[in-house]
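Below: a set of structures, written as structure tokens.
Below are two complexes that have chain A in common, paired first with chain B and then with chain C.
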Partner chain A sequence: MRNMGRLTPWLYLAAPLGLLVIFTYVPVVSMFSYSLTNWDGVSYDSEFVGIDNYVQLFTRPELFQVFFVSLYYLAASLFQIVVALYFAVVLSFKTRFRNFFKGILFFPYLINGVAVGFVFLYFFKQGGTLDSFLGLLGVQSRQFWLGDPDLVNVSLSSVSVWRFLGLNFVLFLGAISAIPSELYEAAEIDGANRWQIFRSIIAPGIKPILGLVTILSISGSLSVFEIPYIMTGGANGSTTFVIQTVKQAFQFDKTGLASAAAVVLLALILLITWIQRKIVPDERNELA
Partner chain B sequence: MTRILAATGKYASLVVACVVMLLPLVTIFATSLKTSQEMATGETLALPRNWFNFDNYVTAFAKGDMLVAFANTAFILLFSITGTVLIGSMAAYAIDRFAFRLKRVVLGLFLVAALVPGVTTQVATFQVIDGFGLFDTRWAPILLYLGTDIVAIYIFLQFIRSIPVSLDEAARVDGASSFKIYRSVIFPLLKPAIATVVIIKGITVYNDFYIPFLYMPSEELGVISTSLFRFKGPFGAHWETLSAGAVLVILPTLIVFLLLQRFIYNGFTSGATK
Partner chain C sequence: MHKRALLLAATAAALLAITSACTGGGSAPAEQDALSPTDPSKVTGEVTVLTHRTDLVQDGTMKKYADEFKKTYPNVTIKYDAITDYEGEVKIRMNTENYGDVLMIPAAIQRNDYPKFFASLGGAADLSAKYRFTSNTTVNDKVYGLAGFGGVNGFIYNKEVWAAAGVTKWPTSSEEFLAALAAIKAKGASVPFYTNYKDGWPLSQLGGALGAISCDPKARDKLAAKESPWKAGSDLRAIDTLLFNIVKNQLIESDPATTNWEDSKGLLATGKIATMGLGSWSIVQMQDAAKKAGKDPSIIGYMPFPALPGGKPCAVLGPDYAYAVNIHSKVKPAARAFIDFMTDKSGFAESNQSVAVLKSAPMPAALKPFSEAGVQLIELTQEKAGEVDKIDKLSEIGALSTHDYRQKLVDIARGAAPGDLNGYLDELGKKWVAAVP
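For the complex of A and B:
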């Protein structure tokens, strides 16, 4: 009976732990070991090549340049945070049609990525929605929004602003509404203006969420895949880190090199998360 | 005066935001109702002449295999949602209600795994799935959705803490086994958490492209994302059909959103802040 009692929790944990080990920990460990070989993903044998794959990643400019593409998405997500914060503040004060505006800002976040890709392929195509709309405003535009290597990443990262703005906005809105309303009332009695209310009440209240959103933005910018893959397939200089890794692994059969790339990405994301935890201590970490 | 100016600025910015958010979607919807003759005029922003022209939807459904796609998506949704709810609630029950050795290690394993982004490990996960012989089957995405859902465990864990332990004890005094307590005391009380998990998981699975794209290349195993993606080939120049396909995929999401707005906002807030 005593023994049964000790076993009980493990019976409940068997399935989740099993899946966790098989689909998270085994891949992480094997990915690391592949990254030290020149395996092609299918053959029975492969050679140990040491850190050669890593050296290639950081020395071949065509492999390295994907990091510059991330910078576009990083800049876009900073812009997105500012805009999301603006609308969250605006809509946390009394506003007509508040729920309507909230719904419209949030809904794009729920849309299927392939559908978003199609919507914006039509938006950016020659004589598409954007060109026609600019025409209405009297601007004659015949830009190659997705064909021009100087423009393509700006166009694609603005799609990701359109898509993810809503999530950031709702997170900020939630954090602002959690601030006790007496604080605002007291501030208004003291004659504080909106800017003062923002600086001394709202800003401190949303600090933890701001930290979270920043970290999501940085790791998100590093792991962009769907939108550029669906829209351009990585053409015209829009290849991101993940597109390149997927192509190396599944088109060019360079499992070793792709694994090294994935290890680098994983390490970067873990590092960023660790730094963020150091800067903003998480009081709500209830698991530990 | 400044008050009026501020209010004008506020509403003006909101209207601009609505135009930016809606214009791309409204154009796609209008395009999906146009005939190929109307498309040939090149007037992108013109409204469709007949608002009840559903021909493009018929084409998208019939030639685009959308029916199969919806069926495959429904199959995967059913198994991955049910599995996530059962596995997540059981894990949370074990972690919160039992004292056992290695509890901290188990917690640590879940915590660290939450930080590992799925996109990075696919190179190696692919070999695991292939090794089980599950490549190009519907079980590949189902298992991956089940195996990587740490957020669900967090949501259940937070909720289970708010259920008083005295309820368990009362049931135990009545001679209930630990599984009976889970099934008839804890599980029914988890309803709000289950709703949250079902919504988040449902939308994530419905929208996922990466995993079905990598693991189910067969056309007959297309889910809505991958089937819609395949429109690009045969219908590449037919924007009226591509648009109809996109609207078909967006419509269920819109309906669910309009019906369950409140739950969706709460769900995604608690899902992201875990």
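For the complex of A and C:
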């Protein structure tokens, strides 16, 4: 009977652990082993090439240059965090139609990324939704939102903001509502205004979530894929690191090199997470 | 803590052991044959056919072929597996044994690997006497695939628009072609040349003129030599220079980044687009679009690349996807019977106005203007196809397989990327030469 008791948690864990191992750890380990070969992705034979793929990655500057595009998405996600935080704070107070606005903000996140890409293709088309809207405001736009090399990444990253704003917003909102309401009441009795409430109660209360969102944003902007892949296919200087990796693997049949690139991306994200943890340690919520 | 680390190390070792076994996956199966059955009544089984023609499976056309096939082979059932991302998905499935009984050979499979994935369909000498394009799928004198149909390369155009601009004869040089497009632009009603830049792959169709400009059957094999495919006077240089000048002279759509392939068919039919660079397989689709738009399908014209090698225009006759039989298939005779049906009896090529693989079949009606104009038709030799494909991928240019480098070329021509034509083609040439062993 006692043995059964010790086994029970493992029984419950078996399904999620099994899925995690099969769909996450096994692929990661095999990806690492592919990265040491020159396998083309389908052939029966492949040669062991050691760290050659990694050497290539770090000696061919054009393979790392694409990270420059990620800066656009990084800037966009900073903007996104600020806006999400603003809405989360505003809607955590008693606001008219707040549930309606919560729905509107979160809705885009529920749409499939591929569908978002197609919708925004029409949005950015010449004479499309955006141009018509600007026309109504009296601005005659002659911009090629996706064709202009200076604009394309701005356009694409703004789609990404539109799509992921809702996720950040919900995370912030959740953190804010976890703060005990007595604190607000006490603050109000003491005569604190909204800004003071935000600075002294809300901001410290959501610090751990802010850290999490920052990590998600950085790793997200390093591994952008869906939206630019659907909308431009990486043309016109909008290639991101992941698009480049997919092309290496499936256009040029360099599964080995692509796997090495994926391992490097993983290592990069782990490194950034580690640095962030060092700078902003995950201390216990002071308010709880 | 120690215990945890130990557990972690043990798990990692176990995972490595599991996965190292499937890196590049085991040993290749022994060669097998899938020969044509002689007695239809004895052939049985369910044949799964992997196809990229999702459109034909959806509208029931493929079902009709299966029903027709069943009349001769009553004990065989055909099941289609239509795949939208055919290349990407089938390549991954081919790491297992489960990739249908009949499939189209994906471009990613190297020629020398054919015997490891597909059953042989017969000797090269026998099959090449009966069918076209067998040299494209022959390894060690055995044929591993039969093309569904073939086609030529060139430009598809709206005859009314061209005639309205005063151009009634096919241009015979790049300069004449540019002048014709300029005349169409001057009329102001149509986009002279639609690049389909956003979808990209139509740009790679332009590469079909490789061999047509010099009318040299060895043009593709010659790319295996240690010299730039874009050297002065080469076919690829002529193709890419023409594209560059079309874009530079602003004879294309105003915003290439938002082109739409499905829409482009209707736009060509209604004359909003004058010309596109596509293989002759596109003729049927454009004619259908014309019918849908309430136009006469005969306004769709097709012309060869504007060049006169030896005084006559020239076009390369090339195969579409080739049918092959999975080496692991348990119903090989039935699978082979279906391939024979599609190539010999189905009339698939005819209804698509393409060139049948059966050498005895007549040329399609769509290519009548070609024979009337005395266009020379050549097939490219494939002796060094394996090497050339390898260089193409190793160099990461994809000159013969993808469109990225032509998108960049269009970007340079429209001023959206730095550089100039000669500099870019020289750079590509250097990358290519560096990848030649």
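The criterion applied here is as follows: the second predicted complex is superposed on the first by the 252 of 288 C-alpha atoms of A that agree within 3 Å, B and C clash if a C-alpha of one lies under 4 Å from a C-alpha of the other, contacts with A are read in each partner's own complex, and residues count from 1 in each chain.
In this text, contacts are C-beta pairs under 8 Å (C-beta built on N, C-alpha and C of every residue); 3 or more make two chains touch, one makes a residue touch a chain.
Keep in mind it's a predicted model, so treat the numbers as computed, not measured.
**Q** Based on the superposed arrangement, let me know which partner A:37 touches: chain B (first), chain C (second), both, or neither?
**A** Second partner only, chain C.
**Q** More residues of chain A are touched by which partner: chain B or chain C?
**A** Counting contacted residues of chain A, the larger count belongs to B.
**Q** Which holds for A:25: it touches chain B only (first), chain C only (second), both, or neither?
**A** A:25: touches chain B and chain C.
**Q** Which partner chains sit in contact with A:144 here, chain B, chain C, both or neither? Use first/second/both/neither.
**A** second
**Q** By the touch definition at the top of the document, which applies to A:46: first (chain B), second (chain C), both, or neither?
**A** second
**Q** Taking the superposition on A as described, I'd like to know which of chain B and chain C A:192 touches: first, second, both or neither.
**A** Neither partner.
**Q** Go through the superposed model and pick first if A:134 touches only chain B, second if only chain C, both, or neither.
**A** Neither partner.
**Q** Which holds for A:250: it touches chain B only (first), chain C only (second), both, or neither?
**A** A:250: touches chain B and chain C.
**Q** In the overlay, answer first, second, both or neither for which of chain B and chain C A:87 touches.
**A** first
**Q** State which residues of chain A lie in both footprints, the one left by chain B and the one left by chain C.
**A** 21, 25-26, 30, 34, 41, 128, 250
**Q** Could you list, by residue number, the parts of chain A that touch chain C in their complex?
**A** 21, 25-26, 29-30, 33-34, 37, 39-46, 121, 124-126, 128, 144, 146-149, 152, 232-237, 247-248, 250-254
**Q** Sort out for me which residues of chain B touch chain A in the complex.
**A** Residues 6, 10-11, 13-14, 17-18, 20-25, 27-28, 31, 42-45, 87-88, 90-91, 93-95, 98, 100, 106-107, 109-111, 113, 115-117, 119-128, 143-144, 146-148, 150, 153-154, 157-158, 161, 178, 182, 203, 206-207, 209-210, 214, 224-226, 228-229, 231, 239, 242-243, 245-246, 249-250, 253-254, 257, 261, 264-265, 268-269, 272-273.
**Q** What part of chain C is in contact with chain A in the complex they form?
**A** Within the complex, chain C contacts chain A at residues 11-12, 15-16, 18-20, 22-28, 87-88, 91-92, 94-95, 108-110, 113, 116, 197-200, 254-258, 260, 393-394, 396, 398, 401-402, 404, 407-408, 411, 416-417.
**Q** Under the touch definition given earlier, write down the residues of chain A that touch chain B in their complex.
**A** My answer: residues 6, 8-10, 12-13, 15-17, 19-28, 30-31, 34, 41, 86-87, 90, 95-96, 99, 101, 103-115, 118-120, 122-123, 127-129, 131-133, 136, 162, 167, 170-171, 174, 194, 209, 212, 216, 219, 223, 225-226, 230, 242, 245-246, 249-250, 255, 258-259, 262, 265-266, 269-270, 273, 284, 286-288.
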